[in-house]
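Okay, so subunit A shows up in both of these, paired with subunit B first and subunit C after.
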Partner chain A sequence: MAEFQVPIGPQHPALKEPISLRMTLDGEVIKDADLKLGYNHRGIEKLAEERNYIQNLYLTERICGICSNSHAMCYCQGVEKLMELEPARRGLFIRTLVAELERIHSHLLWLGIAGHEAGFDTFFMYTWRDREVVMDLLEIISGNRVHYSINTFGGARRDIDDLQKQKILDGMEVLRNRTNYYLNIGVTEPTFIARLSGVGKLTKEQAVSLCAVGPTLRASGVPRDVRKDDPYAVYAELPFEVCTADSCDVLGRAVVRIKELIESYKMCEYLVKNLPVGEIKVKAPRRVKENEVISRYEAPRGENMHYIKSNGTDKPERLKVRAPTLANYAATIEMLKHGFVADIPLIFAAIDPCICCAERSVTLIDSKTGEEKRMFFSQLRKWSIEYYTKKPKLTGVTWPF
Partner chain B sequence: MFERLIRWSRLKSPWILHLNSGACNACDIEIVAALTPRFDLERFGVLLKATPRHADIIIATGPATRQMKDRLIRIYEQVPEPKFVVAVGSCALSGDVYRGAYNILGGIDQVIPVDAYIPGCPVRPDTVINGVYTLLKSLEKK
Partner chain C sequence: MTDENIINKIKDTLQSKVIEITNPAPRRIFVKVNRENLLETVKFLKEQFSFTHLSTITGVDKGENFEVLYHFANEFSVVTIRILTPRAEPKIPSICEIIPGAILYERELPDMFGIIVENIPDSRTLLLPDGWPQGAYPLRKDWKYERPPEIIPGEE
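Moving on, here comes the complex of A and B:
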C-alpha cells in the first residue's frame, strides 16, 4: 500500500483558526505529521517594543481571546516584579477570581468542542449553553464578555460588591449541578467513552521528555501545575487539588478538565467568601529600571511564560511569549503517529489548541508516492464520524470516576 | 417567478462561512456563541458551513495577515455568486491594536471587498445577529 500525504487547512472551521497540518499516511495509519505555522502571525512581540507598559497590557490581552486574562495577568505579574511592586491584596483576589472564571469558560468550551469532534453535537450545545452562565458572571465583574481588562499594575481595575458576590455564588451552584450531569454522561453514554478511549496515546515518559504542559501532561499522570509548584497571586492559600488521570489518552484529558472545573468552582467560592477589605490597587511607577524577568502562569491550556526585559524607559526592550499550545506541539505530533486519519480532529482538539496564542492547518502526504491531498478540517471531521459509525463499538471501557 | 423564488430562499437561509485571517479567537468564539442555544442565529435560517463552495456570506474576523492574504483571495473566489462579506470585530475593520505591525495589512477590506461591518472588540453575539440581520434586510430591498 502506497503512502501519501494529506494536507489539512489552513482554513478549517472546526477549530476556528488557520493552521496547516501535513500528515504522511500509510493507508489509514498516520506515519508522520508536520505542522506549518505562521498564518496567524501578527508580530505582537515586535509591536510590544514600540508601546509603553500600560499600552502593552491591552496588547498582551489580545494575544488570545480565550485565554486573554492569562496573557494579561502573566505580563502584569512580570512587570510588577520588575517594578518591585507589591499589589493590593483585594486586587489580587479579584484577579485570581477572574482567572478561575476564565478557566471555567475555557474548559466548558473545550468539552463542547471535544463532543463536537466526536460527533456528539448535543453535548456541544449543552456545554455552550451552560458556558453562558460564566460569561454573564464575567460580564458582571468586568463589563465585557471576552477581554476583561481586569489587570493593572498594582492590583485590579474594578471592585466587586455584595450583589455581584451573591450572583457569582449562585452561578457556581448552577454550574456545579450541570458539571455533575456531564460526569453522569460518562456513566450513561458508553459510545462517547468508547470514542475517546485509547485515542492519542501519550505515555508518561513521552509527556515529560517532550515537555507537554497543562491538562495534556496531567492526563498522562504527571501532577505538574504552576499554581501548586510555583504559586503566584493568592494560589498559595487556596484549597485545591492538582487533577490527574492515568489513562494517557483523550478520555483522560476530558476527565482532567472536568475535575478541574469542579476544583475551580471550589476556588471561586473560597475567593468570593474570603475577599479581604481594602484598596483594590496601589499606585505604580511609570518607568521601570533595567532588569529582566520570567513570569509563569497556569493558563487553562498549560503553563504560560512571559519573558520581559526592561531598559530603564517606559517601554520594554523585549517581550517574549511562550504560549502553552506551542509547548504541546511536539507532544501532539507524537500522539498523532500510529493513529488513524479519523482521529486527527479529536487528537488535535484534545490539546485545546489556541493558534492565535502559539500562532497553526493539516497536509496529508502519501509516504511512497508523495501524492498530496488537501482536506478541510470539517470534511475530515464528517469523514471521521462516518468512519467510526461503520467500525464495531469498543466495549469494556469504563468512565474513570 | 423562478428568480423570485431563488432570491426568497437566499434571504431565508443564508449559509455562512467563518473565516479567521489572524484574529485573536475572541470574535471567533463569540460567533460560535451566537450559533449556540442562548442566541441561536439558526432561527434566521443561518447555517454555518464548512467549505467556501457552499457559502453565501463570508464572516471574516481578524486583521489580514501577510501570510493569509493569498488564501483570503482564493477563498473569496471559491464562494459562488452572489457573495457577501461581513467584517466582524475592530481588527477586521481597521487592524485595531495590531495596526502598524509588520505582518498586518490592515482591515479585511484591504484584501477583499466588504459589504457590512460589525464593530466591537470583541463583538457581542447579539451584535453579530444584528449585523447579519441588517445585511439581509438591506438585500431585501434590492
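Moving on, here comes the complex of A and C:
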C-alpha cells in the first residue's frame, strides 16, 4: 500500500513557533509523525548569561508573545528567592491578577481557534470579540496589550486604583455571562461536540509517561496544577479548583479550558476585592549571592519552569527555560498517530501552540510516483471541513458535565 | 508526603550511593549521585514516590565538569537529581526507557553541550540548524558568538 509523507512547515513569518512536522500516512490515517524544532531558536539562554538580572526580566518577557507574563513572573519569583527578598503583598496581588487575566485572554483565544479549526467560525468571532474585554482590562492596568511588564523584583511596577478595580469587576461580569453562553453552546450544539469528540486521543497513562502538562494533561484526567501542588505568589489563599476532564480528547481539552475560565473570573474578583493596602514593591539588591533555584509557574498552556543559577555577580551563571509547549510535543505525536489527516489542524490547535491560526504550506508527496502536491494550511483546513461534512455524523455524544 | 519523608527514604534505600542530599527550600530537594547510579535513582523515585513527571533536564558548564540536573516533580515536591560528567569524556546514560517523555530534553544536551547520551532512541540534532559547524556547542562557557563580517554583493 502506498504511504505518503506529508511535511508541514517549518517557516512562516507570522508564527511565533515555526515547527516542522513530517507525517507518514497510509491513506487517510497517520501512521507516524516526526518533528523538527529549532527554527525559532534565538539563543535566549546564552544571551541571559551576558545580561544583568533586571535586563533579563525584560528579556524573559519576550520569550513568548501570548504568555509573556508567565516567563517574566516565573523568572522574577526565582530571582527573588535567590535575593532572599520578600515581595510586597499588594504587589503580589497585582501580579497574580495580571497572571489570571492573561490566562483568560489566552484561553479565550484558544477557544476561538478550536471553533475555527472545527469549522465553527461564528464561535471564533464571538470569543475573539469577548477577548477584547480582557485585553482592554490589561491595557488599563499595565498600559500594554501584550507585554505587560508588571513584574519587578520585590513586587509590581504599577498600582491599580478604585476606578480600575470597578472596571475589572464589570469586565468579569460580562465575561462570565459570555462564558456561560459558550457552555450552553457546547451542551446544545451536537455538531460541535461530535466534531471534537474522540479526536486526538491521549490516555491517562500516555499523558503521564510522556510528561504532558497543563490542560492537555488535565483533560486526560490527571489533576495536576502547579498553582495547587506548588503554590506561588498568593495562590495558596485563593479560592479555586483544579479542573479536569476524563474524555482524553479535544472535547475534554475544551471543557477544561472553559471550566478554568470560570475559575479565573472567580480568582480575579477575589483578588480585586481583597487587595491589601500598602506599598506595591520593596527595594531589591543588584547583586545576588551564589545559589540556585527552581521556579515553577502554571502558564495558560501548562507548567513553565525556570532554573536559575547565580554566581555572586549581577549576572546569572545559567538560566534554563522550559516552556510548556515543548513538554507537550512528545504527547502531540502520540495524539496524531492513528488519527486522520483531516484532524491535524484540530489536534495541533488543541495543545495551543498557535501554529494553526496562520497560513502554512503543506506538500503532499506520493511515495510511489514522487508526485508533489502543494497545499496551504487554510486549504487543508477547508478540505478537512469538507471531509467531515461528507462523513456520517457522530451521534450519541454529549457534553461531559 | 513531606520533604523529610522523601529524604529519609532516599537515604535509607540508596545509602552510600547518595553523595549529597539537600533541601534548600520547601518542596525542593537536590540529590547528588554518581552517573553510574543515575538509572537506579530515577527508577527508584518513579516506583517509590511516583515521580513520573520529568519537568526538564538542565545542563550547566562548570569548567572541568558538566553538571546535568534532572528535575522531577510530583504533587508534593520537586526532586532534582544532580550528576557530574567530566568535560574530557562527557557521557551520560539515557533515561528514556524509564521516562519516555525525556526524549526531547535529552536530545537538547548533545546539541548545546556536546554531551553524549548513550542508548538514546533518537540521536538526531534537535535545535541546531543544518550545516552547524562540528564541535561548536553554544551553551558551553568557552563558546563565543562572533558575528561574521557583513558582505554586500557588488561592493569591494
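Methods note: the second predicted complex is superposed on the first by the 371 of 401 C-alpha atoms of A that agree within 3 Å, B and C clash if a C-alpha of one lies under 4 Å from a C-alpha of the other, contacts with A are read in each partner's own complex, and residues count from 1 in each chain.
In this text, a contact is a pair of C-beta atoms (placed from the backbone, for glycine too) under 8 Å apart; a residue touches a chain by one contact, two chains touch by 3 or more.
For clarity, every value in this text was computed on a predicted model and none was experimentally measured.
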Original post:
Between subunit B (first) and subunit C (second), which does A:41 come into contact with in this model arrangement: first, second, both, or neither?
Top reply: both
Discussion item. Just to be sure I read the superposition right, which of the two partners does A:240 touch: subunit B = first, subunit C = second, or both, or neither?
Written reply: neither
- prompt: Just subunit B (first), just subunit C (second), both, or neither: which does A:294 touch?
  reply: second
Per residue count on subunit A, the busier partner among subunit B and subunit C is B
| query | Which of the two partners, first being subunit B and second being subunit C, lies in contact with A:145: first, second, both, or neither? | reply | first
(request) For A:307, decide between first (touching subunit B), second (touching subunit C), both and neither. (result) second
| Which superposed partner A:128 touches (first subunit B, second subunit C, both, neither) | first
On subunit A, the footprints of subunit B and subunit C overlap at residues 38, 41, 43, 46
Within the complex, subunit B is touched by subunit A residues 10-14, 16-18, 38-44, 46-47, 50, 58-59, 62-66, 68, 109, 124-125, 128-129, 131-132, 135, 145-147, 354-357, 376-379, 382
Residue positions on subunit C within touch of subunit A in the complex are 24-25, 27-28, 52-56, 58, 60-61, 69, 71, 73-76, 78, 80, 99-105, 125-129, 138-139, 145
Residue set of subunit B touching subunit A in the complex reads 17-30, 32-33, 36-38, 48-52, 62-63, 65, 67-68, 71, 75, 96-98, 100-104, 121-122, 124
Interface with subunit C, subunit A side, in the complex: residues 36-38, 41, 43, 45-46, 81, 208-213, 224, 229-230, 291-294, 296, 303, 305, 307, 309, 317-318, 320, 322, 326-327, 329-331
